[in-house]
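After this come two complexes, each holding chain A, first together with chain B and then together with chain C.
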Partner chain A sequence: MQILRSLLFRLASTAVTLVGVAVIVFFVIRVVPGDPIAMMLPPGATDEDIARLTALYGLDKSIPEQFFIWAGGVLQGDFGTSITARRPVLDLVLGRLPATLELSIMALVIAVILGGVAALTGTRERGTKVEAGIDVANGMALSVPDFLWALILILLFGVAWPVFHISGRVTPSLDLPFVTNFYLFESLVRLRFDLWADIVSHMFMPALALAIPLAAIIGQLLKQSLKETMHLDYVTLARTKGYGENHVIIREALPNAILPTLTLVGVQFTFLIGGTVIIERLFSYEGLGNMAIDAVINRDLPLIQGIVILFAVLFTVVNLVVDLTYALLNPRLRNA
Partner chain B sequence: MLDGRSQIRRKIGLRLWLSGGWLLILVLAAVFAPLLSPHGPLEQDLFLGRMPPFWVAGAEPGYYLGTDSLGRDVLTRIIYGARVALIVALVAGSITALVGSTLGLLAGYLRGWVDVVISRLIDIWMAFPPVLFSILLIAVLGPGLVSIIIAIVVIDWTRFARVVRAEAMAQGAMDYPASAQIAGRTRISTMIVEILPNVLPTIVVLLTLEMGIAVIVEAILSFVNLSISTDDPTWGGMISEGRTSIHQAWWIMVFPLITLFLTVLSFSQFGEGLKDRFDPVLR
Partner chain C sequence: MKLTRRNMMKLSAATAAAGAFGLPAFAQNIDELVIAYNTTLPSWDPTTGPSAVNPTIQGIYQSVFDQFILQQPDLSPAPGLLTEWGWNDDRTKVMMKVRQGVTWHDGSPFSAEDVAWSLARAADPATGNPINFVWSTLENFAADGDTVTADVKQFDPTIFKWMYFLTGYVLPKAYYEKVGADGFEEAPIGTGPYMVEKFERNAFVRLKANENYWGGKPDFETVTIKFVTDAAARVAEVESGNAHVTLEMPYEEYDRLKGTLNGVAAPISDIGMIFLNDIDVMLDENVRQACALAIDKQTIIDRLLSGYGVAIDTLQTPEYEAYEASIKVPYDPEKAKELLAASGYSTDNPVKFKIQTTRGFKPKDYEMIQAIVGLWRRVGIEAEIEVYEIAKHYELRAADTLAPAAFYNWGNSVGDPTTSTGFAMFGPSPHSVWDGADLIEKIGPLWGEADEAKRIEGWKEVDRYVAENALVIPLLQYVQPILSAKGVEVTPHASGALLPHLMKRA
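Up next, the complex of A and B:
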């Protein structure tokens, strides 16, 4: 009962946040200098043409009026029409969303693997040079943001030793049989491992750049929690029972130590998704973020609105899922 | 135990010295840029385009780190780029700290409706992708140094507000603010005289970290070409230009990138070092 009530409260406050985001973005971008209509028309267009097109996109009305028309449309699933692409914003945005989701999830998986291995190795080798080395690597990885890691990776594995693709999502000359935009997933389902390998080779560098800072955070926090757990009596008991160090760390300590890391990963995952904007740009990866920057440069107001709202929804949904998982996993909250 | 503590302290000391040293070099380079630079930052010589750094065969004497496609000296532009980076770091960092900490203090100490409003604002801000938000703001404000600073303040104030709010809340729950009020202080004066000094170390640490972030934001915006005019040397702009000719002239991108990397790393390590130094358990 309690959990239902707090869930409803969360949903309501999420709705308020989304409305806030919508209002802010709507008014901010309407102050953008540069007339999108003038950019669409060829030189020599008459005033009449300009007026007609302005009316077509509803830009002749007052800003609050425009907002309510737009918000009314959004509630019915209509995000307006992109000015540059002249297609429904929702189609464009949903067409790019899979690319960004696949990239983010791949980055998350890499971060969890790297961070997990670092934490477990550091715990196993605690007090040795290995642990000190892991600490230094974590500190470095944490201090430098994804943007710089991306540039460094491009230099190292794109230029100096070109083993990965550093531009695009898939080699353009390849014939793609896909019906969805989840290329990575669909190539697996279709058992087209040649395509899958090509896609992974394109995704790996941007995903790794996004993953490095998160991996460091996971590594540091999980190691910290593991260290605290290793001192508890039940772990000592497991050890006196004769279990090996690996068993003690992974089977006994880890399940209890993992909870704080899990919450943090959730919050950090939203930061990672936010990071895709610039990383996609750097790697010319055809995702939502890259489209967003183009939209800003082209003053495509409806498209900017749509993308920002979608990002905000994504963030809040991730946060909601994390909170729910936490409530389900933490026995102390289960009946609260 | 005691031994371990002194070891940790030595490690913190080394970290502070190394990162502080690099930052000091940068400050000196920025201040004395005209004296230190072998050339002018905008000085072009199209006959000397893409000259390699001094240890590579074919280097032009006097251009230690080579030249870019327009024949401008890379070292000079890195030194002048330090000016932009440090101005952004100092000004944007301080204003962000001021705005964010003030709102955080008010929310955390006064509580009530003030807290409700500020916390709600923080929630809304957290739902924006920050890079996209900053690009959007620069599009609104127009390119330029002032726009970058405003964009950083508008986007990053929540970093301070969130942490300071939590700290102020914890401090406010203790006995000493209540005693101060019984002794006749008003709430606002208690907040400034009693709470603020206890939150200040946290703000200083956050400020150092924020300076590193500001440098990165400036670089990202120069990279997307929305920063200050392209003639003025910025590290981000240099990296962006260098990337297009990376296969022919790696040095145009690599040197500004190394500088940016060391600077961001130093700000962050300096902040972390300060945090440990302020930590009463380690002191």
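Up next, the complex of A and C:
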């Protein structure tokens, strides 16, 4: 009952957040410099041409008037039409969302694996040179930003040893039988491992670039939690029962130590989605982030609004899922 | 490498990984030409919306669609879908002959109807053609056999030049009316050298050679244009062999790779310039002259652009019709000091103003302005640099509220003086920053000048007046670097458009 009430409260606050984001983004992008009409003015355009184009894109009305027209459309599922692509914004952003989601999830999986292995190994080898080595690697991974990792990876695995593809999401010459834009997922469902390998080959470097800093954070926090847990009585009891160190760490200490890390992963995942903007650009990956940069450069106001709203929805949903998962995993909260 | 069990295992793992993920194809035997392009393609309609006036995209459009008139790599016009064109004697009508035997990509015949419809559509303000003000100078379009005629509503001597410039494309009347704007976006067809086979927005477009192309089938059967907007990634693409051709990379990278790959760096129609706004200290002619004389353009090109650039003294480049070599603005810092002194300025009491620039929009734009500000400081000019986005530049320029000095790059792939000096310097134009009545008076009569020789001479005189009075500071003509695999020979186009059908097997 408590969880249900909490869920309803979170949904209500999510709705308020989204309305707030919509209002802010709508007004802010109209106040910042850069008029989309001025950008498409050809040499020799007259005042009449400017007025005609301004009216054509609905920018001749007052900003509040434009907002209510846009908000009215959004409530009916119409996010407007992109100025540059001349297509419905909703189609464009939903078409790109799967690519960004797949990339983010793959990055998260890589980060959890790398961070988890580092934390478990560091805990297992605590006080040794191995732990010191892991700490140094963590420090390096954290201090180098993801876009720099991207460039290093491009240089290593794109140019020096060209194993992975540098740009795009899939090889253009391949015929794709997909009906959704979740290429990675659908290729597995269809058992098309040839396509799956090609998609992974395109996703691996951007995902790894996104994952490395997050893996370092996970590794550090989880190792710290594990080390604290290793001193608790029930862990000592497990040891006295004769369980091996691996069993003690994984079966006894990890379930308790993982909770703070889980919360952190949830928060960091939203940052990771935000990080896709730059990484997708560097790898020419056809996701929302890449589209967002183009939209900002071209001052494609309806598209910027659509992307920001979608990012806001993603962030709030991820946070909600994390909170719910935390509540389900934490016995004290679950039984409250 | 020592052959040990461990090394063997490493090698096997690497080979297996490469096999599983598919090693990128190297450029030994090119069946499918891959181009790493520096921009994305937001929309397929080359006549409406912001994409229609984006010069960077025109190369893709021209691969699929033909313009009314063909523009050759040196910018000169040649028969294309129109084989003949011109006015009647009293300039009240235009007449155009249409090429016979051309087909659209769907196999349907191309006709004069398509040309008349495309022109009428461009002239209709409701379609959202940004160049509508040019096309609407014609009206009453009619097709008869292989001839298209129209009445001249307002004489524009450059109307046929626009037919190989922005939005000057012929679209298929019957097909467009059948599928509508959305259907055309989904499956565009043209009469161009390549047909669209597959298009993934923001990712790539795959083109297939048009076997029936009136200009001859292109050399490469299949061309994939990958949209790789980051310069470092484009270099990596071509260096690794993932792509065969790329363009617009840092000149240092071009110099590094031009030995192992084919490199071509040719001047294009884009120029770098500094707009001077007729406000504040720029109303003082001595200050303007000093600003122009204190810039050592060649040294800036040599030091910052590795020599890739052509110093210019007017808004015309040597390829343009109205280029006049005798107009010179020399580097003369001593003269600049004298002029400033005459207005009461010196290094101890410098004239102060703001200069705006983009950063990273064009090669070394910010660095060039930094260098110029440094040169100015030596003669008694203290300019404060403000960095802004290109979108802000357009907005400020349209509102005529730019700073006293503002760096910009001007493109004029049609090569006519109206679309360089004309629109940049004619006060009433939204692109002009200088509003002096004297210049308006000089330029005004040239818009409708029917005598071509007289018109070109008139523009040369305007350029001379602009240079003598330092109403704008032209800096350089850009050079476009293109890298290609050894098996590919690229013909550069002075417009800056990278055209796959001009690429041959080396």
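Here is the rule we use: the second predicted complex is superposed on the first by the 303 of 336 C-alpha atoms of A that agree within 3 Å, B and C clash if a C-alpha of one lies under 4 Å from a C-alpha of the other, contacts with A are read in each partner's own complex, and residues count from 1 in each chain.
Quick note on the criterion: a contact is a pair of C-beta atoms (placed from the backbone, for glycine too) under 8 Å apart; a residue touches a chain by one contact, two chains touch by 3 or more.
As the structure is a prediction and not an experimental result, all values here were calculated from the model.
Ranking chain B and chain C by residues of chain A touched puts C first.
In the superposed pair of complexes, A:86 makes contact with chain C only, with no contact to chain B.
In the superposed model, A:274 makes contact with chain B only, not with chain C. In the superposition on chain A, contact of A:265 is made with neither chain B nor chain C.
Looking at the shared chain after the overlay, A:155 reaches both chain B and chain C.
After overlaying the two complexes on the shared chain, residue contacts for A:164 are found with chain C alone; chain B is out of touch.
Legend: residue contacts after superposition of the two complexes on their common chain; A:312 is shown touching chain B, with no touch to chain C. In the superposed model, A:45 makes contact with chain C only, not with chain B.
In the superposition on chain A, contact of A:198 is made with chain C only, not with chain B. In the superposed pair of complexes, A:145 makes contact with chain B only, with no contact to chain C. In the superposition on chain A, the residues of chain A contacting both chain B and chain C are 33, 151, 154-155, 159, 281-282, 293, 297, 299.
Residue ranges of chain A in contact with chain B, taken from their complex: 13, 16-18, 20-21, 24-25, 28-29, 31-33, 139-140, 142-145, 147-148, 151-152, 154-155, 159, 270, 273-275, 277-278, 281-282, 289, 292-293, 296-297, 299, 304, 307-308, 311-312, 315-316.
Residues of chain B touching chain A in their complex: 120-121, 123-124, 126-133, 135-137, 139-140, 142, 212-213, 216, 219-220, 223-224, 239, 243, 246-247, 250, 253-254, 257, 260-261, 264-265, 268-269, 272.
Within the complex formed with chain A, the residues of chain C that make contact are 14, 17-18, 20-24, 32, 34, 36, 40, 42-43, 45, 48-53, 125, 128, 130-134, 166, 181-182, 185, 198, 200-204, 206, 222, 224, 226-230, 232-233, 236-237, 239-242, 388-392, 394-399, 418-419, 422-424, 428-431.
Taken together, the chain A residues at the contact with chain C in this complex read 33-50, 52-53, 56, 82-87, 92, 95-96, 151, 154-155, 158-159, 162-173, 197-198, 200-201, 204, 281-284, 286, 290-291, 293-294, 297-299.
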